[in-house]
Structure formats: structure tokens, C-alpha cells
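Have a look at the structure below before the remarks.
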Amino acid sequence: MTEPYTRRELMVVAAGREIHDHEVVFVGMRLPLLGFGLAKATHAPDAVGLFENGVIRDRPAEAFIYTMGDPPNIAGAIACLGLMDVMCLLQQGRVDVGFIGGAEIDPLGNLNTTRTAAGGATVRLPGSGGGGDIASLARRTVLIMEHEPRRFRQQLDYVTSPGHFHGRRSGGPSTLITTLGVFDLSDGRFRAASLHPGITRDAVRNATGFPVAIDDSVPVTRAPTADELAYIRHADPLGFWTGEPMKGR
Amino acid sequence: MHDGDSVALGLALESGIPFAAVHEMIRQGRKDLTLIGPISDMAFDQMIAAGVVARIIAAWVGNVAGGSGYGFRRAVEDGVPRSIEVEDHSNFTVGLALTAAAMGLPYLPTRTGIGGDIVKNHSRIRPIDDPFGGAPLLAVGALRPDVAIIHVQRADEDGNAHLWGNLGLTVEAAYAARRTILVCEEIVPKDVIRSDPNRTQIPGFLTTAVVEEPGGALPSSLQGYWRRDFEPFLEYHRVSRTREGVEPWLRRWVLEIPDRATYLDRLGESALERLRVRDQRLAAPANFAP
Amino acid sequence: MHDGDSVALGLALESGIPFAAVHEMIRQGRKDLTLIGPISDMAFDQMIAAGVVARIIAAWVGNVAGGSGYGFRRAVEDGVPRSIEVEDHSNFTVGLALTAAAMGLPYLPTRTGIGGDIVKNHSRIRPIDDPFGGAPLLAVGALRPDVAIIHVQRADEDGNAHLWGNLGLTVEAAYAARRTILVCEEIVPKDVIRSDPNRTQIPGFLTTAVVEEPGGALPSSLQGYWRRDFEPFLEYHRVSRTREGVEPWLRRWVLEIPDRATYLDRLGESALERLRVRDQRLAAPANFAP
Amino acid sequence: MTEPYTRRELMVVAAGREIHDHEVVFVGMRLPLLGFGLAKATHAPDAVGLFENGVIRDRPAEAFIYTMGDPPNIAGAIACLGLMDVMCLLQQGRVDVGFIGGAEIDPLGNLNTTRTAAGGATVRLPGSGGGGDIASLARRTVLIMEHEPRRFRQQLDYVTSPGHFHGRRSGGPSTLITTLGVFDLSDGRFRAASLHPGITRDAVRNATGFPVAIDDSVPVTRAPTADELAYIRHADPLGFWTGEPMKGR
């Protein structure tokens, strides 16, 4: 009987599992950052993390960081390069996996973080940041989203970060981790790989604005181990990211 | 600085944002500025909310801690306090545009963005063929800012700048800009700069002016000098939800303050003490003896 | 290293030339190597004279102190000891070719060389139009070396390298190469590297192997560690005038020596003492405390 | 009555005069390096020197250097950038003047340092180095040559460093300093600006393999002052560059 955990702690564990040992990882903030630290602490000790500001780390920051530019993320880094350096490594294909979040997603794994008319009037969102670049150039991408009907749309108003498209030469979304489950997006499918404990097929279907394949045999997302929870709570002691709903960018 | 200038700032992403200069531009009531940067955290949002901006060339405009930039949204969605044009980019395409100018080239090729909407019908980006017969590419046109404003740890009076920690697009922008203005924590003797020429990110002949303004990047961080002051980012995010909320904030923290020194006084010594870096974690020695 | 590999070295120009590796490649009797670099001082000339080179991709091949590279001349003019192909470049075009590969691009545009013969009928350079309608440009095709050999002051066991002083094209080549081999004066604990992430020019995941070989760049200099040993350059220039002169030199200083340690013994302790940097001229402190 | 001086010391002084205060100078080795130091010490204290290896100096090296990469040229530099950084500044038009030497020159100021059949059989020369780039991209260039008939050719076998050519958009050779005189090459002319003391018009004509304009009123190259000589002999105490004939690269 495992101890209680939040849905975001479960998502962090799922994110960590997407990182293999020795991989070069384009790390985002929030859940992927925790997932990277968790992977380093468990099954991927030799993974290396790149940040879009040019920072390269082979271990997580020693203190909690709110942004990738916070001083604890610089102190003890193995390199502080420029943004162009890491983007060029990305374009060269030296980055194995990148994490991206989005406000909206479509069945091909396209993400929108630029503008949406989903609610009627057009709402301006912050924009791409490095998301569009990671989506274009990483060998594979892992997407992380709030699983809500208004965010899972058959047709996006704007594609900020390209998913699978005709003529795509490499990369593209491999996995989507949501508040309801984990989904396999490789080669343009949209198939449930696991549902989080207590989440029904109908709950997923009702929260997804387009058809999603869910096998009868779909497993339950593995619960975090005590060690995994211990790591996450050490890294996010106030539950800033794992206790409350995810935020914007 | 002139009205209508294009200004690159916030080039190191979340750290070293020259807020002192940002607030001074607002105080001076600059008009029709074009802001250039990768992500600006809340600096761009404050300038937009203050009505000094006509155009944005950036990859992301918001508030890193909070998400949305409400000043940006009001300007784009409702034209309040004025409408602005937005040239959308990714971090890489805005970097390529600045790098092209830094290299003295009209454009640089890339593969980023293909298949997405950012690069479609873009005024600065167009499809090109690979002259060597490879896959199709995009050409990102050069972007030469009128001014780049860069906050660094130390510089000499000739504008040779030592900068460490986050670099982002700082160097590319300094090379690309017609004029580069340095804000530094300390102006140091030339021999400090000369002691470590590999730490010099910006050679002085690219620098137009150097200003000594300690704490000029607060509430953003500066490695080895200032921690990030997190609360002001959240506070601004809260109050900027409405125009009625942001205007008193602008008066209190920008318009009614003559300069950065007063801003720091208003923050208070206990806050400054909490933010000032006192510990030392020095770089391992590097010997330049010939 | 394999026969037929393309090898980039001498990337920092006159300093940090990995002569220990150069001599080892000669000892191993490598065949048909392609050498890539801006200018190589006498390193390329020695490899050509030893017959291990089939092709040169460089901006300048000679002996900086003396001028002509006689081994290079004999190979090009008389096919002795074997004929070689030469892909002529300027420093900038060979740099652009490596940078294109480092950026993951098929080419980079430039204006250098227009009006001269280097860029005419060049296998890697062709005329292109500016997609934005400006003046004609040249496209320099990407150059991806099989191996880059780079001598640095210090690295950790994962191949994260601190390098200071001359950089030249070192970083571009490390990014561009399929495999990067580091030769360093000292392998240091990771915390030395981590103490100054801005000094890290090559991140470890680009490094294939790290070799600790103090003095491995002699007779070229390495900032803070070794002075330039001027006489061997002049001596090689004198003796290499003829094939009869260069072969005994190669035997004495390369072929009959098992390794770099023996080379240093043969130089003699008094010479080493004269060349070793004992003074300290340390970089000004940079604080990375968070 | 000035003290005796060598022809190369005279050339150093002429080179120094080509540098104006506050200019950004792409410095070569040998005579131009001494000329840069001389200019800094006299009329151009705020000139800045760039070297193709990425070094930027606002004062000469503290010790004699044989190559631009020698440690004394790094110690006390204001910046050590990469080769691409200084080349990009050059391509951007941020470099006012660059110095280049060559093995052969033609009437348009084209230089050949790649290969020549002047002596019959083809001789392979070292190549461009950064010379071709400086010739292409500096706002103006100053050329330095041995003045010998075999080097001054109507038609070169190979143009390594372009001089004036049809369609050239900017830059090009402005001045040529030789062992016999100083020549004005601006806008494609080849005109004697001054002849060194004791050098006759005929001596120049006989040493130049193509027509050269020499006014009857052509002045004599100004002799070095005692201060200038003092600087040069301090900077090149053994006469390594100013006492003996120029060398290769």
C-alpha cells in the first residue's frame, strides 16, 4: 500500500521515465525539471540537461528554482553557453528528447501557445519561447498538458509547436503526459498508453475533444514509489509545482 | 534613446534584465518603441502597459512566474492603452535574426519552425532551397536593433564588459545593434578586464555608453551579485490583471520615482540585504601568465 | 582514429597545437588522412612530409616562423613522398564550413572572397542570390570532420573542457566533428569545471575521449602552462628544405620515440624548465554564488 | 640630421601613419604589428587592434612576439574571442583598416600568396590565411611588399586576396608600402605617393613589372623621428623584423 501522492507527482514520475540513461535532454521548467532530477537520481544517472538560456547541467540545481535563469541553476552547471549554442546543438540532432507544454493540442500533437478563439473572443497567449524549436528539432518530444476538453481540440487556431506533419523528416511527439493519463503519439497516432489510477475511459473521452484510442487492456499508470516521492518532495518541498495546478508558460 | 527606436533587452532571458533602464524609458515617456528580445519576463509587459511600445519582435511575452502578460494581452486584444504590432518568433528564429546582423549577413538559413504557423507568411522569414540540393530551408532575415541595453557584472570605462552566468542572446545582440548601452554593477580598472580576456563578452569598441547602476537589474537576478526577488513578479502579475490595477503600480514603482536609487530605497534595506549575494563561490583560478 | 579519416587540428592557430597526437598519428603510419584547419603552423607540414596525408582542407599551410612549408611544397609540386589534394580556403571560409556543420546547417552564406580565385570553381563554395534581394552571396558548404583533436588546459573525466587564451576555431570544430578527442594538461575534479561554467568551451557530451598529456602541445604554447619553443620551428624549417633533411628529423623526433614523455626527456629538463610557465597572472575573481 | 635607420624601420613608420586615432585595425604580424604599436604610442592612442585568432588588444604585447598566438599577445588583451567573432566583425564593416602582405601584386592591388609560375615551374605558396578575408571585408586595406620585379606582375597566376575589381561594393587597397616607396592604390590607380630617400624614379620603374605613375613632384618618404626609432628599437630590440629582409607568410 503506497502512500498518497498528487496527480502532478504521478506526472513527474511519468516524465522521468521518458528519459533514458546517457541521453541529452532539453529540459523545461516545472514538472519536466523535476522529472529530469528524478531520472538522474534513479535510472538515468548519466543524462545531461540543456536549458534554452544556454545552461548545461549534469545534476539538478542545489536549491529550488522558479526560472531556469535563477542563480542556483547556474552555480555548479557544467557549462553556461549561449542560447544559440544550445539551439545549434538541437538543430544538429544532438538532443535526444525535449519536453514541451502547451495550452492546446490537436490529434497530431501540434501545440498552440500563441492565440486561441476557443472561448469565443481571441485570447493572446505568450507565444513559443523555445517550444517551437524543441518541437521542430529534438529527436523526440514529450508533451505535458492539463487534460481538459477546451485544450484538446480537433483543429487549432494556431500551430506554435509543430507535431506530426506530412513531410516531417525527423523527431516529433512521442509521448503526451496529462492529468488523466499517458498517451502514445509516435507516428501520428493518439493512443492511451496508461490511465492514471481512478481515471475511467469515459473520463478521458469526455475530456478529449477528438477521438482517442483506448484499448480495453490499457494499464494503470504505475504509482510513484516511496523513493520517487521522497525525491520529488525534497526537490519541491512546498509543492509549488506538484501540489497545485500547472501554470501558464 | 529616441522615440521610434528599436530596443533589444532582456537578452539573457530571466536574469540580468535591465529594469532600471526599462523604468527610465517609461518615465521619459518614450513613444512608439519596438522591443526586441527572446523572452522578456515582465519587462516588456510593463513597457506595453505604460504605452511606450508600438511593436514587439519576440518569442514570448508574459510573466515567467505567473504565465500571461496582462498588459500584452490588453494591448493585443483590446488596443489598451494602445494597439501594438507583434512579430512572432521562436527563441531560435529571433536569435538567428540577431546573429545574421551580428555576422554582417542579410539572413541565416534554418530548419526550425517548418510545419508550424510562426514561419508562415512571416515578414522576416521565407522558404528557400538548399543550394547544395538538400531539404528545403527557411531564411531568417537579419535584425539590427537601434539599441541593445545589457546589464553586466563589470566593465571598464572603455566599455569592455565581463559577463558571466546566463548569456542567452546577449553577445549576438551587442554585435548586431547600432548602439550598445552597458549597465554594470561596477566600473572597474582596465587591468581587471585585461586579467581575463576570455571573460570579455563585449569588446569596448562595440559599446556606446557605460552606466554604473548597482542593482539595476532587480528584481531579476545577476549571478554573484543579486538573487531573484520573486515577490515583485507575482505582485505585478496580480495587479496587472486590470488597467485600473497596473496604473497605480506604474505610478508607485516607476513614474513617481526619480531614479533607481530611490527604487532601491523604497524596496528597503532588509529586502536588499536578503537579495544581495554575500557568499563567495569563486571560479577556479585561470593563469594567463605568458 | 582510422586510415582515411578527416582530422581537424591546429584549430587555435599558433597555440595549443596537439603535436603529441600529430606525432603519434605519424608513428602509427596512418594512411590517406584529410587534414582540416585554418593555419596549421608546421604540424600539417610534418604529417605531409611523413606521407600520412592524402588531402588538405585549410587556409594556410607552412611554418609561421619561417614561411614556406617545404614538405607541403614537395607533395604539391613533385608528389613527394606522395601527391596530395588541396582544398584551398581563407580562414573565414574554412571557419564558415565548420560553423555550418556546428549549426546543423548544409551551408552558411558569406561575402568573403568575392572577386578572388579561392572561391572560383570551388567544390564547397558556390554563388547564391540573397533571398531578400540584396547583393550576390557565396554559400560555403558544411564541413563535418570525422575527428577533432583539441589541446586544452584542463578537463574533467566526462570531457567537460576549460580552455582559455586563443580559441580560433576550436569550439566550432568540437561542435562540428563526429568525434572530439581532448588532450589536456590536467584532468581535474568535476567541481573545478563546475566552479566556472562560462569557462567550459566544450561540454562533455561532445567529447569522445580525454587524454592527460602534459606538454602535449609543445613546441607550440599553451597559455599559463607552456611558452612557445621557438627554435624547433626554425630547426624544422631548415632541415625540411630537402627530403634528405626531413627524414632524419622525423626519425629522431617522431619515429624513434615511443611517446611524448620520451620526447620531453629528449628536449631535456633545462629546456622544459625554460618553457614551463612558473609565474602566476590569475584571472580576476568571478563569483558564481547563487 | 637624423640618425641612421633601416628601410624596414622607415616602412614601419609609414605603416603607422596609415592608422588613424580611434580606428579598429586588423593587425598582421611583423611590420604592421610594429606600426600599430608605433601609432598607439604616437598619434593614435585610442586605436584598437584585432588579430585573426580572436585576440583584441588596446596596447601592444608587453614582450616581443613571434606569432600572434604567443602568450604575451594574450596576457593583457582586452578580449580573446574566436576567429569567427572577429571575422564577423570584419564582415559587418566594423574594421576600419587591415594590413596584408603578399608574394606578388598586380596593378589593381590583387595579391597572390597561393601559387605562382613566375619563375617557370609552378611554386606552391602557403595560401590565404586571413589575408583574403581582410582584403574582401575591411573598409580599406594597406599592403606591404618587397619591391622586386618578379613580385610586381601585370597578370597574376592566382588572386588570393582581391584588390579593386568591377562590382566591388566597398573596401579595397588604399595604400601599398614597399621597400622602395609608398603608393596610392585608392580607386584602382597605382601612383607613387612618396619614394624612400635615395630611391630614384627609374629604380622604382625597373622594379615594377607594370606601368606606375610617378609625378615629378613626388615627395620623399618622411624619415623616422628619433622618438619613432626609439619606439621601434624598443619593440624589436634584435631587429628581428626591422633589421633583416621580410619573411614569408
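When the chains are written out, they are named A, B, C and D in that same order, and each has its own residue count from 1.
As a convention for this text, a contact is a pair of C-beta atoms (placed from the backbone, for glycine too) under 8 Å apart; a residue touches a chain by one contact, two chains touch by 3 or more.
These figures come from a predicted structure and were not determined experimentally.
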| item | value |
| --- | --- |
| Chains touching both chain A and chain C | B |
| Of C-D and B-D, whichever chain pair has more C-beta contact pairs | C-D |
| Centroid distance [mean C-alpha coordinates] between chain C and chain B, Å | 37 |
| Distance from chain B to chain A - Cα centre to Cα centre, in angstrom | 27 |
| Centroid distance [mean C-alpha coordinates] between chain D and chain B, Å | 41 |
| Where chain B touches two or more other chains at once, by residue number | 104-105, 110-111, 164-165, 167, 193, 198, 223-224, 227, 277, 281, 288-290 |
| For chain D, residues that touch 2 or more chains besides their own | 55, 70-71, 74-75, 80-81, 90-91, 137 |
| Contact pairs between chains, per stated definition | A-B, A-C, B-C, B-D, C-D |
| Interfacial residue positions of chain B with respect to chain D in the complex | 101-105, 158, 160, 175, 190, 193-194, 197-198, 200, 203-206, 288-290 |
| Complex contact set, residues of chain B against chain A | 12-15, 38-39, 41, 58-69, 72-73, 76-77, 88-93, 95-96, 99, 110-118, 135, 164-172, 220-221, 223-224, 227-228, 230, 277, 281 |
| Chain B residues within the chain C interface of the complex | 104-111, 126, 128, 130-132, 134, 137, 139, 141, 153, 162, 164-165, 167, 188, 192-193, 195-196, 198-199, 223-225, 227, 277, 279-290 |
| In the complex, chain A residues that touch chain C | 24, 48, 55-56, 58, 62-63, 70-72, 74-81, 85, 88-94, 137 |
| Chain C partner contacts - residues on chain D that touch it in the complex | 52-55, 66-71, 74-75, 80-84, 87, 90-91, 110, 114, 121-133, 135-137, 158-162, 165, 167-169, 247-249 |
